[in-house]
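Letters A, B, C and D mark the chains in the order given here, with residues in each chain numbered from 1 onward.
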Amino acid sequence: MVTVVQLATQVGSLTLRNPVLAASGTFGYGLELVDFCPPEALGGVVTKGLSPRPRAGNPTPRIVETPAGMINSIGLQNIGVEAFCTQVLPALRQRGATVVVNVFGETEEEYATVVERLEREDGVAAYELNVSCPNVGKGGMEFGHDPSSLDLLVRMLRRLTRRPLWVKLSPNAPHLLAVAEAALAAGADALTLVNTFRALAIDAKKRRPAVATGFGGLSGPAIKPLALRLVWEVHRAFPQAPLVGIGGVLTGEDAVEFLLAGACAVQVGTATFRNPAACLEVVQQLQAFCQREGVEDVRELIGGLRWR
Amino acid sequence: MVTVVQLATQVGSLTLRNPVLAASGTFGYGLELVDFCPPEALGGVVTKGLSPRPRAGNPTPRIVETPAGMINSIGLQNIGVEAFCTQVLPALRQRGATVVVNVFGETEEEYATVVERLEREDGVAAYELNVSCPNVGKGGMEFGHDPSSLDLLVRMLRRLTRRPLWVKLSPNAPHLLAVAEAALAAGADALTLVNTFRALAIDAKKRRPAVATGFGGLSGPAIKPLALRLVWEVHRAFPQAPLVGIGGVLTGEDAVEFLLAGACAVQVGTATFRNPAACLEVVQQLQAFCQREGVEDVRELIGGLRWR
Amino acid sequence: MERRSDQPVILASRQELSPSCFALELLCPGPLTATPGQFIMLGPTAGADPLLRRPFSVAGVGESPRGVLVQLLVKEVGKFTSLLRRLPIGSELSLLGPLGQGFRLLEAPPRPVLVAGGIGLPPVLFAARELSQRGIPFDLFYGAASSHELLLPQEVKRATNGLAVFCTDDGSFGEQGLVTEVLRRLWQKSYSRILACGPTPMLYAVAQLARERQVEAELSLEEPMACGVGVCLGCVVRLHDGSYVPSCQAGPVFLASQLAERW
Amino acid sequence: MERRSDQPVILASRQELSPSCFALELLCPGPLTATPGQFIMLGPTAGADPLLRRPFSVAGVGESPRGVLVQLLVKEVGKFTSLLRRLPIGSELSLLGPLGQGFRLLEAPPRPVLVAGGIGLPPVLFAARELSQRGIPFDLFYGAASSHELLLPQEVKRATNGLAVFCTDDGSFGEQGLVTEVLRRLWQKSYSRILACGPTPMLYAVAQLARERQVEAELSLEEPMACGVGVCLGCVVRLHDGSYVPSCQAGPVFLASQLAERW
């Protein structure tokens, strides 16, 4: 007898048809890979980070492979919120995709501008704030490293929207739990854990950093054990907080691990680069895992890690 | 014409015949792998961490492979300083190996006991302090996370020995630069960067952490870009400080990358597990790299990264 | 002692044995000897995935014109074993061995009984071949979940110079029941030592039976291993005095009397 | 347009061409078409090392009874290319393609000249075959460091319906000098467009020459790629308006007039 697996999950008040989302910056704006992975088949798609106006991004080279991972320094190149609203969102809406818009800015006002523009559109399920951005007002310290900046930012945006606000935390924050607490206290509906790890790869022959900006962000399977650790630590500290787990998910079993560590949903990033159907396959493998293991509702897994 | 490559390097006042050491905890006490990798052919061997008395270590399972890495939770099992002095050190001395003794304790006194015992022996080239240990006196906070505990510890040991003191830093410290500064100010001769990263792997079927203690330490190629970043950051902040780079070195080119980032020498850890001759091969590949690239003295590479 | 070495080897043959298991022959250009119960560490020659080699018991060692052939029996359980199952014949792998402490065949008292469970067969089969060759009489018990998970029944039979008893949990072949229960039922007074390899619960039951019958048992344990050569301390097992020893060096074959009750 | 797809393919043949280069044929069970200048992303079917697939230009596509054969010419420079060189024939790989925007052969004006440098040969060779088949006359310049790094000279000659000029930096075969210098020397007024692939400095020189002769150049660029399908923005090149576009989608073949001077 085959178990019928309930895949739907809940991130705070938002219901997702399954717990697998495509991660920001790895799935374009949601439509680029429809022939491999229709966005409406996923729990959701998180768009490339949007800013008030288009941005050209960083000089090249921007990427380099590292052992079981990669470093990127894209520099948040994007088409800007206006182009997204007019050229992309209508088609996503029509397909019935659950769209989470990733938002960033160099000032609080920039975040606000993006959110305000999107408030005029239907078909946005949630905002995800990328707070790994240098806060120009605070001497370039990242919003996500400083609980008080983050508090201000989230409170301000909270007033602008009733849609769910997810705050995507940087694993480079010296005190992640303090940052998480600040975001939750300021009204965040969920925390996305984690963004990329600050890292360095060197071209030994050229004696130069492998990406043009020097440091970049490490992603991929290499970081999975670090991301899982952080998700579990935040889950233990804030058991009621809805978490979205991310970092190195390649397979359905990886997704299960994040759910067990306390995430209500997971995002798949770098995996899409090696396989454009990765998100879809993670959904299928997650379902197969549940069937094999007799898990009838995927939500049973959430936080189910038996610690010691 | 083949370049003759000078491989000798200097870590502070200590001269090493080449820049490649076997890392603590991955090469036993120095003699276990003589048939694959004679310790005297290396820049040095760093012993398994020694405590005043033998320790049984953690329950099993203790290890698990992760993407391009592994998590361990050995729990500092070791034979104790006395057995090392009587049963191992004489043979290492006789072979002419450069021996760096890795030392740890749960109190300052335990560190002191180990160092005092070793002061009675010839053939110890340096001490490497593993400060990723819970400080029983300070409520279990690791020595290496707290600049003031570290300051006390290093000052105390500084009074006990004229041998070089290397302090091996934990990458999990929230403020690594502050910790590095404290160690240097207290009289450390060099900093070893880095120890393992706190991490979690989950057995999805059993819904349990993959190692018995829950969290463990991540090592191997996966962490190389993170370790390189930390070495470079510390080198930029303290350009005069002798650094020993470690984290995911598999090949001679990896070693070159750490030298470029500012390390005077590198250690090879997990690589030895997949290939017991790894350290020796890294020396050979390093030499071959220098020959190919016309580097006549390996010290030319140190800190040679052209940042942007 | 056999000299351990690290050498590139060639995947020379593969034979499917069951839905989950297969036999391999590895061609070693250099010398390689091994005694039953010893193991090798096998991995890809390049690449970091998997990062670490994997331990496999030697099931047999043979000669061929092109070099030594090492036989393995492998169960597909994860990353590397599934790679081994798909790898084209002729592929290169990297082999470190022989490693560890095998069965103490030379000091074996009059009449050993051999016990294998599931993929615990390889060292037991090797021991059977060796004992037969030395003319030491023994019986052999081999259990698996069901008939199609019983590996190489003909070869097991051929290698055994006494009774070869097959058992399946579901009774689809041979005796029905766990191999340790069948062994208990058919126990002979003459059995003076048990040599066993199999899943941990089976080995616990073997140790228990040995205590009851007051014979020594030699158990081949399976702990996760990183290095295979005694330097990582990842593979330790607990002895009865509470200390931990690396099973890759002190074992993988231990006397049950040395071990803690739950090692 | 050709439909891109992701399929497992079999390494069907390998031929050594030079100390550093070799040719491969990949057998695709499913359909695959490609136009000259398009590329594929190739990787292992399992494992995380390498994690990402690698881009390779299609050198040719043929039919065989068992499926489509894709020809690649590969230079061994690192992890995956050295794996490709050692992988046993019959191994499975994973192929995503065809990808990107190739040469604009149909809109090519009267007399193109083709230029290849080093391992930039594959798309140029493919373009040559295609142009010959369509009866469009062209000349071809192909340069390499030295005679033993000149790949497939016979095939290049056969594929060319006009002049085939070979050059080597050291003069060990054909004309001596950089291919762009030789092209400049032997430039024909009739040349109405350049189609080129090779190292970046060569392409800069080609773009310069095209500006001087007031013809358009189509340049096949090589940027590091993670995804090959336009979603990572890792492979961008700069256009003359300062904007960055993904070379895997807008390229890899660009009109020189679109590009920034130092893209």
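Basically, a residue touches a chain if its C-beta (ideal position, glycine included) is under 8 Å from a C-beta of that chain, and two chains touch if they have at least 3 such contacts.
Just so it is clear, the model here is predicted, and its values are computed rather than measured.
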Partner chains shared by chain A and chain C (touch criterion as defined above): B, D
Chain centre separation (chain A, chain B; CA means) in Å: 35
Chain B and chain D: spacing of chain centres that average the CA atoms, whole Å: 46
Multi-partner residues of chain B (each touching 2 or more other chains): 67-69, 220-221, 250
Chain C residues counted as touching two or more neighbouring chains: 48-50
Chain contact topology (line, ring, star, complete or other): complete
List of chain A residues in touch with chain B within their complex: 66-69, 71, 174-175, 197-202, 204-209, 212-215, 218, 220-226, 228-229, 232, 248, 250, 253, 256-257, 260-261, 289, 293, 304-308
Touching residues (chain side chain A, partner chain C) in the complex: 67-68
Touching residues (chain side chain C, partner chain A) in the complex: 48-49
Residue numbers on chain C that touch chain D, as the complex places them: 46-50, 79, 82-83, 86, 88-92
Chain D partner contacts - residues on chain A that touch it in the complex: 25-28, 32-33, 35-36, 48, 56-57, 60-65, 67-70, 72, 74, 77, 220-221, 250, 270, 272-277
